[in-house]
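One structure is given below, encoded as structure tokens.
Order of writing sets the labels: A, B, C, D, E, F, G and H. Residues in every chain begin at 1.
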Amino acid sequence: MTEFRLDHDRAARTGIPEAVLCEHKSAAQIAAIGAAVMKAGQRMLFTRLRAETVAALPAELRDGLDYDPDSGTAFLGAAASAQAMIEGIGIVAAGTSDLPVAREAARTLAFHGYAAPLTADVGVTGLWRLTGQLEALRRHRIIIAVAGMEGALFTVLAGLVEAPVIAVASSVGYGVASGGRVALGVALASCAPGVVAVNIDNGFGAATAAIKILRCVGR
Amino acid sequence: MTEFRLDHDRAARTGIPEAVLCEHKSAAQIAAIGAAVMKAGQRMLFTRLRAETVAALPAELRDGLDYDPDSGTAFLGAAASAQAMIEGIGIVAAGTSDLPVAREAARTLAFHGYAAPLTADVGVTGLWRLTGQLEALRRHRIIIAVAGMEGALFTVLAGLVEAPVIAVASSVGYGVASGGRVALGVALASCAPGVVAVNIDNGFGAATAAIKILRCVGR
Amino acid sequence: MTEFRLDHDRAARTGIPEAVLCEHKSAAQIAAIGAAVMKAGQRMLFTRLRAETVAALPAELRDGLDYDPDSGTAFLGAAASAQAMIEGIGIVAAGTSDLPVAREAARTLAFHGYAAPLTADVGVTGLWRLTGQLEALRRHRIIIAVAGMEGALFTVLAGLVEAPVIAVASSVGYGVASGGRVALGVALASCAPGVVAVNIDNGFGAATAAIKILRCVGR
Amino acid sequence: MTEFRLDHDRAARTGIPEAVLCEHKSAAQIAAIGAAVMKAGQRMLFTRLRAETVAALPAELRDGLDYDPDSGTAFLGAAASAQAMIEGIGIVAAGTSDLPVAREAARTLAFHGYAAPLTADVGVTGLWRLTGQLEALRRHRIIIAVAGMEGALFTVLAGLVEAPVIAVASSVGYGVASGGRVALGVALASCAPGVVAVNIDNGFGAATAAIKILRCVGR
Amino acid sequence: MTEFRLDHDRAARTGIPEAVLCEHKSAAQIAAIGAAVMKAGQRMLFTRLRAETVAALPAELRDGLDYDPDSGTAFLGAAASAQAMIEGIGIVAAGTSDLPVAREAARTLAFHGYAAPLTADVGVTGLWRLTGQLEALRRHRIIIAVAGMEGALFTVLAGLVEAPVIAVASSVGYGVASGGRVALGVALASCAPGVVAVNIDNGFGAATAAIKILRCVGR
Amino acid sequence: MTEFRLDHDRAARTGIPEAVLCEHKSAAQIAAIGAAVMKAGQRMLFTRLRAETVAALPAELRDGLDYDPDSGTAFLGAAASAQAMIEGIGIVAAGTSDLPVAREAARTLAFHGYAAPLTADVGVTGLWRLTGQLEALRRHRIIIAVAGMEGALFTVLAGLVEAPVIAVASSVGYGVASGGRVALGVALASCAPGVVAVNIDNGFGAATAAIKILRCVGR
Amino acid sequence: MTEFRLDHDRAARTGIPEAVLCEHKSAAQIAAIGAAVMKAGQRMLFTRLRAETVAALPAELRDGLDYDPDSGTAFLGAAASAQAMIEGIGIVAAGTSDLPVAREAARTLAFHGYAAPLTADVGVTGLWRLTGQLEALRRHRIIIAVAGMEGALFTVLAGLVEAPVIAVASSVGYGVASGGRVALGVALASCAPGVVAVNIDNGFGAATAAIKILRCVGR
Amino acid sequence: MTEFRLDHDRAARTGIPEAVLCEHKSAAQIAAIGAAVMKAGQRMLFTRLRAETVAALPAELRDGLDYDPDSGTAFLGAAASAQAMIEGIGIVAAGTSDLPVAREAARTLAFHGYAAPLTADVGVTGLWRLTGQLEALRRHRIIIAVAGMEGALFTVLAGLVEAPVIAVASSVGYGVASGGRVALGVALASCAPGVVAVNIDNGFGAATAAIKILRCVGR
């Protein structure tokens, strides 16, 4: 039985090459995919990859990985050169706890050749934190915003900048906010124009959406 | 059978006299309560009283009511004199659609002798709307804030004023925000200090809490 | 008391002028807003405006409205000229029942000067319906997709086109799909890259997001 | 007290012999059931049996088990001979992560004497993966489809093949899709004719339903 | 714009011709579809069609419809001849209140040429009601079972007959059972082998699944 | 087809004769059941019977009904004589709005020959209301308690009396308490010993449980 | 500060002495309560007490405990003598996995001096399992029934016996049935008369309710 | 990149200095914040800080912390002197299991210079526990009440005292009450005037709200 089928053609078809979501996959399955990628001489992005799983991979694959434990992402294959990075996307994280999700977005962008400055700890409880960064934030063409708890950042930010905001609720929170549901609700119910949402914790999805937007619309 | 028992003593015991929530009660039940109140020579506040129900009440009771259709509230008995109104509480409504709930709070306060200026349409999508009112809002000792949809007002407001904020989610919204659940979630999950919540649409409850606070703490 | 505050400056600040969500507002409130807009000599988009409410508006305002009952939208003020319409956005509706939401998006776009061809009845049960339209769909720079029931369209479409897909779940469905929750879940959980979501039935929000994207990224 | 009652007669009555769901049962309870089965000279299928539990079983029972850790299933008693396997059922898994559930179905079928080829990694993001397998898939009389995340596979597949589709949502996913709820929603809300659903992760149930269908309808 | 696309080929591709779900569609939309069907000389099944909507259809279409108000279904085009009806499917309704859903299934089957005897009021509170019908029920090759409230019928029935059971939860119930959620939960969580589920109230879906099973498996 | 099967034997088997839940049944269906009951010379209790439905019943049946609009119940057949009423069960309603549910319980009891004094408006906000009735309440052998909103009555009452408490949450409430969910949660989560729950608004079920208890345990 | 207050008087007031729910309590807290009980020369029932916590208790207390790991219960103080056990209550468990909850009920009853025979593995998938025990079950005056998964046992049992049924949903299940929610829904929505429910897994509550019923009603 | 921005000015702006919620933050992140606070010569409150995390902090920071494992709080910087503690706030915990949340409130108050006597184990099942403390409780100007399970304490307490009650549902409970949802529902749906709620387990938020109330209203 064929356990997986690499979608070599996906980049041509949708603008974004395939990536591997490692959650729910065994080390053996990931190793098999990695071997196939290496054999095909391709590059691949792995997400939700835990350090324990990396440790269980064959040394040959493990050595080929550029692994970042904070975001749980790994690059297989040559990195994009830093000087050729494309600009236009900014990332904003409401709090320190939202950084892992923000970094998943940043790493996904980097893998595809996009530089994305990350502005952290701008939750709206202290509005000056956000307004103090506005001038820089207004230079971005698209903003990825990550927030947990009550997610008010999404609405306030979208009311202050012209760029569209891709909102990523993070699963940071407890009680009614546990699992990121309140923040996702805010992202979807926001009265501010131009806010769109992806799944909770889906930094990868926010990044690929931003890339598709830049590629299709900015061309 | 005794269908209801007036709690004449409640004001002495809890600081707030009893009120009648008319939702789920028949006109006959409300009429009986009203008659008992009039007979006892007392005052009474009725909430969630619909115009159709008022029309079905006996003329004698109806004539004695000071009824406000926008908030669905009615006063039975002498009004508090306007010049003796106690100050210190402010009401803020995020949008025009939130006014019925805000008015239920305002009418409840008026019935008990509290003046409460109402600041409307200060949703945070246009932050200037709120910041332009800040000087006035900072004069209040307690603020009742009403917001539906995504309720980001609660967090932003509480980050800007020193007064405690009693948040009332309103059931204004659709999709994920229908019934006021997202706004309530924000009120409870807010990162800003000093935000407390009452039930969705409960302008009455916010007002009585504000009164208890002023009476107990401000004495 | 000021019941509403027009945000004259919003277009400059966020790229999208303010609009009025009429749901939960009384005819009197809408009439007052309309009068203020006319007095200021501005244009305004009204959404979720029911025919009964239109009938209850003052004749002067009603006559000034370009009202579309299918989408529940009305334009106040001069229409954008058809020949100057900006292209690049396409709208796709999975089924006939999803058309009201799709039309809310189309009307919002038209009000702001964007032409958006609408492709209907391309649900993925009959995949040929969608694949038969692919050539035309691939010409769009952004696609707004509307689907209720199980919303599989979002994933299949995003796997076939390069453009980013703004997914709008519609509240068409029954049983587990009632209220549009399953379709929204699919939009958010989609494995296909480049799918972003707005609130259920929020054709207006999808349109404003598309405009912001075109303005900011396509500039 | 009798802790369990073997249903020796169930195969005659319902067409499917009893099986033991080991989740929530202690090793001691499973051991007692196994001993009774062996004593009665019967065969038995165990599902949701974890490797740790197997290790805690008495050696005599453990040695008699044909245990498969990937699916968590064990056979007690003589295996069905491979050459006598009945054909007609196919299994499809959307992604690599869905394989444990698909294998629970495959093993259940094998225990009862049914061969069921497993086609993996045919998620609809890359539609070619599915369409490339269509010719083979169309040969099946019944198809068991396993998918997590957004489960669009169910609808697309059922729109392409004539065979009825038994949809098994897998609990693969995160955020709104955690626990398999979105995929189950899609299975139930699918617009495509001929999709029926079993509980999340219930590969066993899908297999027994397929067998009952083949036995009753195909006779 | 093309508002709908008839899927003439669906029967050949999936074994079941297309049908029209009328809920959420306007009379004008239904009339347009009906006219296209008549023009093409085809037959069509309409479901969830309310009497008020029928009354609003053009006379020409209305006269061509065989409309059944109890089930909300209508046939357009020549009826299948009664003597040619295919047997093998039985329908069971737990209570009198479940009959509309059971009849949607029966009418769908009749439209496609299948006779399906309906056994009603066999809820398991009075087990004799069900056991008294067992002999007849055991003659069916597939059983469609409809139950609301707590849906225990699904499990008990599947433990007594050899035929697979397609369970349709009906939205009959109140309190925790409102909307049919408990009955659906029972259908999915049933310990009895061979129970598969479709969406709440989806008599149409149960019927088409039964037909696909008979066609594919029984051939 | 037989649309219904009267369970003549149920009283002998379970101690409680069958009753007819009229919600979700048409007037025609109810009329047919009523005719069969009258023909068999039996008695029958109808619940959830709305005045409009009564008006639509055949005069012969309507005249034979002892209908109570407040509780939506009707008796068909000779009433139990008042002097022979069995004592031991008490009913408590937290507020005036909970009376319809309390009366459904009272009428169900009366139909079966049980007298049940009803104590109303004893919500725990004014604890004296409840404690003032304690002496009388302590004389009951079983207490049926009805409460909506936050249902604190269940716990407080069960902590004060020796009798078991059958808790019926009523669907009186709004916001988070809408539909009776909070009150049901309290009934189930109560720390007080001896509280058992039935479905929301199920006064009938509470009454039949009380009868079964008296019959089986009190014999 | 006083961390706990023993309710010495509860037995006199409510018929049931206090017990200690150990979940969420630290070993130190439990030890302090135990010491106070021993000092007062009283008896006490501990529930939800895990073996790890028992191991962490002071030896003096631990030695005084009659601990049963299967049910997580412990008795402190002299046991009731077996020959003086009161009869009348029966316990039924649908499956082997439901035994821990059933045993919590049995142990609670034993602590208070009630003998309660436990009938296990009578799930309704094999109806003969239940009907074969009916004669014995019909001798009980009250039945405590424990079931997880889809809980159909509650309805079937209550339709077959005259005794009232106290239904305890157990948190045995997965997918839609995880946490016991479906079984609880069935217990509450059951059409069978005389079913009352307690919280999920609350064997203790079912037992105390049964005792209160026997004491108050059976006196 | 700046990972965090200390809000030095927050006390001046909102009356409450910033605090650090340690849940979801790594030891490295907390260490960096602590170092910055020490460098700035400020004080800081840390909440939700687990003992394992404390153990992983640099010795220099760890030695400067006044850590309380029961509440998971730590003070960095000089403690407020005990003799200068401000009075007026009382804390009430329904049960022993609610103490960690009550202590989070108490420690937050102590950090800011407020003394708050803690009254424990006053759940309303034994009403005497609460009424016996009433005289002392009535001396407080504000009461923070913590309760899990069914939370009836909130309503009963607010009906007995004049002070406003800040209700904190604790996540103590199981079955329907798991996660604190029922208690939160009661807090929000309470019929008693003057109950306001904060998020589940949010002792910190209740304390800061109480402080803001005392500061703003009591000034």
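By definition in this document, a contact is a pair of C-beta atoms (placed from the backbone, for glycine too) under 8 Å apart; a residue touches a chain by one contact, two chains touch by 3 or more.
Keep in mind that what you see is a predicted model, and the values were worked out from it rather than measured.
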item: Shortest walk length in steps over touching chains, subunit B through to subunit G; value: 2
item: Any chain in contact with subunit E as well as subunit G; value: D, F
item: Farthest-lying chain, centroid of Cα atoms versus that of subunit D; value: B
item: Distance from the mean Cα position of subunit E to that of subunit C, given in whole angstrom; value: 35
item: Separation of mean Cα positions, subunit H and subunit F [Å, integer]; value: 43
item: Whole-Å gap separating subunit B and subunit D, where each centre is the average of the chain's CA atoms; value: 56
item: Chain centre separation (subunit B, subunit E; CA means) in Å; value: 49
item: Set of subunit E residues in contact with two or more other chains; value: 13, 125-126, 158-160, 175-177, 184, 188-189, 192-193, 199-200
item: Pairs of chains found to touch, sorted by chain label; value: A-B, A-C, A-D, A-H, B-C, B-F, B-H, C-D, C-E, D-E, D-G, E-F, E-G, F-G, F-H, G-H
item: Subunit F - residues contacting subunit E, complex; value: 1-5, 7, 9-10, 13, 18, 21, 23-25, 29, 33, 169, 171, 179-180, 184, 199-202
item: Residues on subunit G engaged by subunit D in the complex (per definition of touch); value: 96-97, 99, 117-122, 125-126, 128-129, 148, 172, 174-178
item: List of subunit H residues in touch with subunit F within their complex; value: 95, 123-127, 149-152, 154-156, 158-160, 173, 175-177, 181-182, 184-186, 188-193
item: Touching residues (chain side subunit G, partner subunit F) in the complex; value: 13-16, 88, 141-142, 158-164, 166, 184, 188-189, 192-200, 205, 208-209, 211-219
